[in-house]
Amino acid sequence: MGKKDYAKPGEFTTLELMAVCGARAIKNGEVVFVGTGLPMIAAMLAKRTHAPKAKIVYEAGFIDSNAIDIALSIADSRLGYRASAAIGLIETLGLLLQGGHVDVGFVGAAQIDEYGNINTTYIGDFEHPTVRLPGSGGGNDIVSSAKRVVIIMTHEKRKMVKKLDYLTSPGHLDGPGARERVGLLGSGPSLVVTNFCQMDFDPETKRIRLASVHPGVTLQEIMENTGFDLLIPENVPTTEPPTYEELAILRAIDPHGIYIPRPEQSK
Amino acid sequence: MVEAPVEDKRITLKEAAKLIPDGAHLFWGGFGFQRPPMAFAHELVRQKKRNLTIYTCGSEMDIDILAGAYVVSHFELAFFAIEGIGLAPNIQRRIREGAVQIEDYTNLAMALRFLGGALGVPFMPLKSMLGTDLLAKSRFRAKKAEVITCPFTGEKVVLVPSVRPDFSIVHVSRVDREGNAQIDGIKGEDVEGARAGKKVIVLAEEIVDTEFIRSQPDQTVIPNIYVNYVVECPWGAYPMMVYNYYDYDMEHVRMYYQQCKTEEGWQKYCEEYITGVEDHVEFLTKIGMERLLKLRAKKPFPY
Amino acid sequence: MVEAPVEDKRITLKEAAKLIPDGAHLFWGGFGFQRPPMAFAHELVRQKKRNLTIYTCGSEMDIDILAGAYVVSHFELAFFAIEGIGLAPNIQRRIREGAVQIEDYTNLAMALRFLGGALGVPFMPLKSMLGTDLLAKSRFRAKKAEVITCPFTGEKVVLVPSVRPDFSIVHVSRVDREGNAQIDGIKGEDVEGARAGKKVIVLAEEIVDTEFIRSQPDQTVIPNIYVNYVVECPWGAYPMMVYNYYDYDMEHVRMYYQQCKTEEGWQKYCEEYITGVEDHVEFLTKIGMERLLKLRAKKPFPY
Amino acid sequence: MGKKDYAKPGEFTTLELMAVCGARAIKNGEVVFVGTGLPMIAAMLAKRTHAPKAKIVYEAGFIDSNAIDIALSIADSRLGYRASAAIGLIETLGLLLQGGHVDVGFVGAAQIDEYGNINTTYIGDFEHPTVRLPGSGGGNDIVSSAKRVVIIMTHEKRKMVKKLDYLTSPGHLDGPGARERVGLLGSGPSLVVTNFCQMDFDPETKRIRLASVHPGVTLQEIMENTGFDLLIPENVPTTEPPTYEELAILRAIDPHGIYIPRPEQSK
């Protein structure tokens, strides 16, 4: 089978497609800042396909990691296997990230708004929240200072909101020039990958814009599950499906389906 | 000529926990699943400490236990959860009850706050938090952070206040009885945090001879000058992990998470594994030799 | 599946020096007699570089040579001398001539300026320099430091401007060809300095296989991400020292000091040992095998 | 011979007495920040006599050093032998010293004034100096932040001056309360050891005050060699001479007389 032999609908899961989308956002030689879960799988996939020279950094201190086993914690000893260095948080978040060496950072989100601002702290009112989420962790640091940011999340109306309950990590704030005005170093979110589509940011308004629709998903579905006004260009392509090669590698990376249940498991 | 005596800073886990008065402020070491002072958390629960304030970057089951047992009332931190499983069940519940309050920073902000405290300066500069509610909203601190204009470049910089807690609690790979500590693998924010505390308690998987330390001084991560007390505490991070020593026990962690979804479940866990056992060794005995032996790291893997 | 290739960043000493344009700003590694990039200094002299600015904490014969040969016109530093012997003879002379200017800081101030540059913040806070001429008087910087009142405590704090030089030059114990470097013994200000440069050149006593580095990632002091070029350069700090590798050659250093008391003596030294030899290997050959072999460190001593 | 058997005049050199004075300024268990030369010898002597638990820190990064050979550079590998730790400048000058862990710091001086302010940078005018000295190094950091500071220097009129050519390291500045006003952490110089005498600081005026006169030295000699008004109390004791034990250890520490030439060498 060739490199560009695309898998057909039914031969891959949505999570697999999302991991592939994440991987493709990484260019060869880039320094990639990821957490556990889907971003870790995406970065490992990129490194084993088109971006073998990518360097994966985990905030706990693992630098240029070459882990062969799936990690459950950002500080998991598994990430130290054949790493270039194992140091600490000031090294990764301060010297590497804020120091300007990180090309692309991956984060998740409980809520985002139309400028890509992110909430991972509270659901509900700050004084009397409904749910207390894990908080920023290194998320705010990553979104503040990485050159590009990829957000991976599930696409639900209550998560794609007009107004965040709490602004944890800075997207494009209230629009063009806002990040520069408040003094942020990185250029903010550039891509959002969900279970329905990929979205990028309109360069003029800095608002979220539909970039590609996953195979089998309708525009209607996306709009119904988005709580803010999504910019929709005239021609929106279908997301390139995973290739058979990507799928094979992906399934070898996470053989027990810890983060990406196998097609047979997810049924 | 007088031969320099080796100062012996060893105390027991029980003695170490007794040093912490109610209301004390602690730097809490370990990061994520790596080297949390779990045995120390258990002992604080056994000794019924109250109203502690904890400063840390990101912690997990260890601080969830401390919140569950009403040991800690205030956290200044960046992250808490049971990673890879879900939200920290006890902290959630205690927040709803109003028994726990959290002041939110980022991981880098917290690590720099420890570095600032360790360096003897009252703040550190930072380029995170700008433009967000982390800067705009505070829970209990009078002044959480301050944005200034750089006198050299004109750019905006956030200043975060340094932290000098009453005690720093860190769990390391090995230490000599004078307090010279080595940490294998990642250090998280322990290098800075260990230096920020007014008093420092180092717990370690093993105590080694000081000559071993002195034969490789560039391997010392926390020198003895900073350290007041040393506690030998093997398997002290169980059911979390210690690099080069042992893996986490996910079965136990998942059991904890499931059980703590209810207050009754948490009380049962606490009684069974913490307050119902005499000490750390009895806890390990309860977990069982077979389970522990299986978790030992297998070279060349550090897990 | 693609196996990750090992990127090869090796270049020769000559090639490395060629990268430095006249007028460039350099972080200069090593501290005192420990690991100065002496061979790199020689090569900069051979290639007749001019008008460089050097940032360092405290350096010795290495920067005295650079000043003597008119390679460096500006220093921002805390200390220079030939320790244990006397004042740096060439720098003294070049200052009198007006060919060299020095902006004075303290060692901690310089180290923090490198840390600030490395951290991506425009300044760092400091509690030195207060009340002194180091704060009151500046030589060529428009703004050398600034005293502010801490917004949290009200105390006075000095802010020193961060440094991001064009290049960082460090000499380490060992490195792999990807640029992962290890340093035995003290690090001086090289950890911070190596991260402050826009481009980083690592010179090393030896190049080791990347698998050796990756078998002990917690020993890496400068990870490959920061490093642009790698130069294998054994005895690269001679006649100064490298921890665990070799001792200094005080006979040579004293000869240098005595000879450089006069301009003629310096010119003779420079011609004989630097410009009159083709490269570093020819320099070492001139020093002689017997002398070098005697200087090798004798275990368990790192000297 | 007993511990308190004092050597007689002619049995020790002035440098030996100065080293002994330095050693006696160190209490057991203290953290001592020293450079090479006489301070290093003094600290090594203290550690081998009354202060075995003293911890010696060298700014290059050597912590709790137990060197057995004399070092020529502050970064000398000799200082790493059986040290507790070998780290770097931010560790020693920042985390240990500025962080408040150093009890006593030793420095030298090219000039001091009557408040113990120190010059190690320029002789002559700042714009057109006669001599450019080595500069602060870590000197300013030590004098700024150590809890106590001991100055060791030779006693000459041109070095004990009314006005410094350049103020490198802060003594008591212009008097009581001045250090606190500018924001300094440490309490400044507490002792000056010269080849003639020991001097401390009057607690009320913060001015230098004669504390003890070395055996065989006259008050006249001291006054003639001091360029500022030295406070002289009514009763000034004679400096306690070295004991035979101290001399024996001192000579074992520096057997080749690198910093302290042997009596027979110095003739």
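Note that the chains are named A, B, C and D in the order they appear, and that numbering of residues resets to 1 at the start of each chain.
The criterion applied here is as follows: contacts are C-beta pairs under 8 Å (C-beta built on N, C-alpha and C of every residue); 3 or more make two chains touch, one makes a residue touch a chain.
Here the structure is a predicted model, which is why all the values come from computation and not from measurement.
Ranking C-D and B-D by contacting C-beta pairs places C-D first.
Distance between subunit C and subunit D, defined via averaged C-alpha coordinates, is recorded as 29 Å. Work out the mean CA point of subunit B and of subunit C, and you get 37 Å between them. Between subunit A and subunit C the centroid-to-centroid distance comes to 40 Å (mean Cα coordinates, whole Å).
Those residues of subunit B in touch with two or more other chains are numbered 119-121, 126-127, 155, 157, 185-186, 215, 217-218, 300. Touching two or more other chains at once are residues 62, 80, 86-87, 90, 94, 98, 145, 185 of subunit D. An unclassified topology is adopted by the chain contact network, corresponding to no line, ring, star or complete arrangement. Pairwise chain contacts in this structure: A-B, A-C, B-C, B-D, C-D.
On the subunit B side of its complex with subunit A, the touching residues are 30-34, 57-58, 60, 77-81, 83-84, 87-88, 91-92, 95, 102, 104-109, 111-112, 115, 126-134, 136-137, 147, 155-157, 185-192, 241, 243-244, 247-248, 250, 297, 300-303. Note for the complex: subunit A touches subunit C at residues 31, 47-49, 52-53, 55, 57, 62-64, 66, 80, 82-87, 90, 94-96, 98-101, 145, 185, 249, 252.
If you check the complex, the residues on subunit C that touch subunit A are 1-5, 7, 118-121, 178, 180, 195, 213-215, 217-218, 220, 223-226.
Partner subunit C is touched in their complex by these residues of subunit D: 36-37, 59-62, 69, 72-78, 80-81, 86-90, 93-94, 97-98, 117, 121, 126, 129, 131-141, 144-145, 166-170, 173, 178-179, 182-185. Touching subunit B in their complex are the following residues of subunit C: 116, 119-127, 143, 146, 148, 150-153, 155, 157, 159, 161, 183-186, 215, 217-218, 300.
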